[in-house]
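Below are two complexes that have chain A in common, paired first with chain B and then with chain C.
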Partner chain A sequence: MGYPVVKGVSYIIAHVPDLVRYGSKPAREIAKDPALLEKINASLRSFDQAKNYPPHQAFIGNIKPEALWDLERPWFEHLLADSPRESAWGEIMPEDEFYGLLKIVDVFDLIDLTSEFTAIVKPKLENHKLIHAADLENLGDGVSRETVAQKIKAGALPLMLGPELVGCIQDGHDEDHNLTADILLENLACKASGVLAMRRALHSLNFDPAAIDFVMNTGEEAVGDRYQRGAGNLAKAMAESTGCYNSTGVDIKAFCCSPVHTMILAGGLIHSGVHDHIMVVGGGCLAKLGMKMKGHLANAMPIMEDVLAAFAVILGPDDGRNPQIRLDLIGKHAVSTGSSQQAIYEALVKKPLERFGLAIPEIDKYSTELHNPEITEPAGSGNVPKNNYRMIAGLAVMQGQLKREEIDTFELKYGMPGYSPTQGHVPSAVPYLGHAREAILKGELERVMFLGKGSLFLGKMTNLSDGMSFIIEKNKGQ
Partner chain B sequence: MFKGKKVLCIGERDGIPGSAIAECIKTAGGEPVLQLTQCYV
Partner chain C sequence: MEDQGLIKKTVEEYGKENVVVVLGSPDAESAEIFAETVTTGDPTFAGPLAGVSLGLKVYHILEDEVKAQIDQAVYEQQVGMMEMVLDKEAICSSVKRIRESLD
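Up next, the complex of A and B:
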């Protein structure tokens, strides 16, 4: 039996402009200056603007990331008019439907939606191919506006749709700081977006959810209570809401590096025979909404972090067709690696390739941190993928595998522009997995390396960062 | 140029880490009073 395969990948985006205020940065800034909320609201994108935004179309798979090289920038001013909401792998969901989905996956009645809003959104969800009768039962018929107003008066967070109050979310406990409404909203947003991605992955492959043995969640939300903060297993909750009844699950925590860690772990569990089919999922991160809004407002741009993004990957045993994860070509940033960029890239790129006598240019594409530069540059964070490609190119020059004058063009040949929403773990290499699988199946690419990094030091337990890499390649059984 | 100076060393995960900056500052005769590495994405 060969190495495990990537059977399918999905990507979804939920456009949630009225949740931007609950992102960590906006919430802190609005508390200091309540007038800021008005400025934020005046700088939000419409659904069509978010849907037609070229990087979002690349994220859900309707255009190749490399096509962005040819599109005029700024992309937010050069939209792809009338772009489809759906793709073969995913979709971009508007805010009203996402509120409905939040309610559908809320099994503790934390969320109340008004009956007026519910009456409007229910028919839309009825027409959604991934929403079922049981979901509509969970959605219910809503409550009165007075009930919502009373709950907000008692401390619940309002859910707005533009200027309209359409619902609220309340605390899960009177005294537990881990079960406050804002934290529960973060957790539910991760759950709902992850569930949507999982359902998309299953639907696009016509895959029976009951055939999934195990779900592994890579999201960064610390689901838990006062006695076990971040205790987790949102994966199992997602499995339940996706109909993966024969599955249990686990959350893998490694900051933004979690998706790459988890892909490798999932591959290992399948290869060793512990599990047959595994779903790897990463739900959206509400805390990161509006994270770089100051830079966007200062540059008279729309607030670009107005979307939640999520992905799901179905992995299975070698089927002789789909691209395989080379479990013998894993790169890792060990404790002893140190923190210099050269040492990190040697550990993640050079060492695994060297073991098999491969040179850096023998990998067709490198998928690294794929943050959209249009989001990061106005905030002074630079072009993250471009910098990463320069580091890999520099390493290749040092190895005598690339000419110095080729450093500037390395990105064009072996890389891609950043196009992922800045959702922490989501941009960390995995956005290209769907494109890579498709290109390998078409014979356009042979091998692709995915390398992700994680900022462990943010948790104040170590000064170390983290990093992992893996390679997928064409299945020789074809 | 750093002799006798107190220096805040703020590094970046995808660039130069704070610890590396602090080592350079010490070599140059400065006193790192804060060293940290940040993630700007």
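Up next, the complex of A and C:
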């Protein structure tokens, strides 16, 4: 039996402009200057603008990321008119339906939606192929506007749809700072978006949820209470809401590096026979909504961080067909590696390839952190993927595997433009997994390397960063 | 953002004449934003240095003046690859322009 395979991947986006105010940065800024909320509201995108935004269409898989190079910038002004909401792997969900989904996955009655809003959104969800009868039962019929207003008066957070109050979310405990409404909203948003991605992955593969043995969640939300902050297992909660009844789960925490760590761990668990089929999921990160809004507002741009993004990957034992994870070609940033960019790339790229006598140009594509530059550049964070590709090219030049003049074109041949929403762990290499799987199956690519990095120092426990890499390659069918 | 707070605190503790900022930004645009942040104030108005004009001396690690101060072997090991792949000229000239605009 060969190495485990990537059986299927899904990507979803939930457009949630009215949740931007609850992102960490906007919430802190609005508390200092309440007039800012009006400015934020005036700079939000419509659903169609978010749906037709080229990087979002690349994220859900309707266009190849490389196609973005041929589209005029800025992409937010050059939309792909009438783009579909759905793709073979995913979808872009509007805010009203996402509110309904939040209610559906809320098993503690934290969320109340008004009966007027519920009456409008219910038929839409009835028509959604991933929403079932039991979900509609969980959605219920809503409560009166007065009930919602009373709860907000008592401290619940309002849920708005444009100017309309459509619901609220309340605290989970009177004294527990880990169960306040804003934290629970973050956790529920991660759960709901992750569940949608998992259901998409199962549906697009026509895969029985009961055949999933284990769910591994890579999201960064700290689910827990006052005695165990961040204690987790949102994975199991997601498995429950996806009908993976034979599964348990675990959350893997490693900042933005978690998806790459988790793919490797999942591969190892399957290869060793501990589990048969594993789903790796990353739910959306509400805290990062509007994170770079000041840069966007200063540049008279729409607030680009108005979406939650999530992914799900189904991994299984070698089936002789799907691309395999080369568990013998893993790269890792060790404690002793050092923090210079050079040292990091040597550990993640050079070392694993060297072990097998492979040169950097023998990998067909590199998937690094794929942050959309249109979001990061106005805030001074530069073009993250472009810089990553230059680093890998530089490493190849230093080893005599590439000519110095090829550094500028390396990105075009071995990389892609950044297209992922800046949702922390989500942009970290995995957005390309679906495209890579498809291209390998079509014979367009042979091998793709995925590398992720994590800023561990943000947690104040170490000055170290982190990084891992893995390679998927064409299944030789042996 | 956190770095901005740290720089502000360092300046308050040691005085601005005793603080020099060395940037490692990977492109001219972000180098310029950070150089501006520690001189005239955060142009994106996002961090603690929004509207705070520190007027600090700012250099980029790729500038020859900085390189000359560092052991050659260490520089090669830590920065050599960056020096090769980044647009050194554009980065250095944008940081220099901001630095010299203070004089």
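Operating definition for what follows: the second predicted complex is superposed on the first by the 477 of 478 C-alpha atoms of A that agree within 3 Å, B and C clash if a C-alpha of one lies under 4 Å from a C-alpha of the other, contacts with A are read in each partner's own complex, and residues count from 1 in each chain.
Everything below uses one rule, namely that a residue touches a chain if its C-beta (ideal position, glycine included) is under 8 Å from a C-beta of that chain, and two chains touch if they have at least 3 such contacts.
These numbers come from a predicted model, not from an experiment.
Peer 1: Between chain B (first) and chain C (second), which does A:422 come into contact with in this model arrangement: first, second, both, or neither?
Peer 2: A:422: touches chain B, not chain C.
Peer 1: Once the shared chain is lined up, is A:294 touching chain B (first), chain C (second), both, or neither of them?
Peer 2: A:294 contacts chain C only, not chain B.
Peer 1: For A:340, is the partner it touches chain B (first), chain C (second), both, or none of the two (neither)?
Peer 2: both
Peer 1: Could you say whether A:381 touches chain B, chain C, both of them, or neither, answering first, second, both or neither?
Peer 2: Touch status of A:381: both partners.
Peer 1: Contacts for A:371 in the overlay, against chain B (first) and chain C (second): which applies, first, second, both or neither?
Peer 2: In the superposition, A:371 contacts chain B only.
Peer 1: Would you sort A:247 into first (chain B), second (chain C), both or neither based on which partner it touches?
Peer 2: The answer is neither, since A:247 touches no partner chain.
Peer 1: One more residue to check, A:455. First (chain B), second (chain C), both or neither?
Peer 2: The first partner, chain B, only.
Peer 1: Please identify the positions on chain A that touch both chain B and chain C, taking each partner from its own complex.
Peer 2: The answer is residues 340-341, 379-382, 387 of chain A.
Peer 1: Could you list, by residue number, the parts of chain A that touch chain C in their complex?
Peer 2: 25, 292, 294-295, 298, 340-342, 345, 377-383, 386-387, 390-391, 393-395, 397-398, 404, 407
Peer 1: Flag every residue of chain C that touches chain A in the complex, lowest number first.
Peer 2: 25-27, 29-30, 33-34, 37, 43-46, 77-82, 84-86
Peer 1: For chain B, which residues are in contact with chain A within the complex?
Peer 2: 13-20, 36-41
Peer 1: In the complex formed with chain B, which residues of chain A make contact?
Peer 2: 256, 339-341, 369, 371, 376, 379-382, 384, 387-388, 422, 427, 453, 455, 457-458, 463, 465
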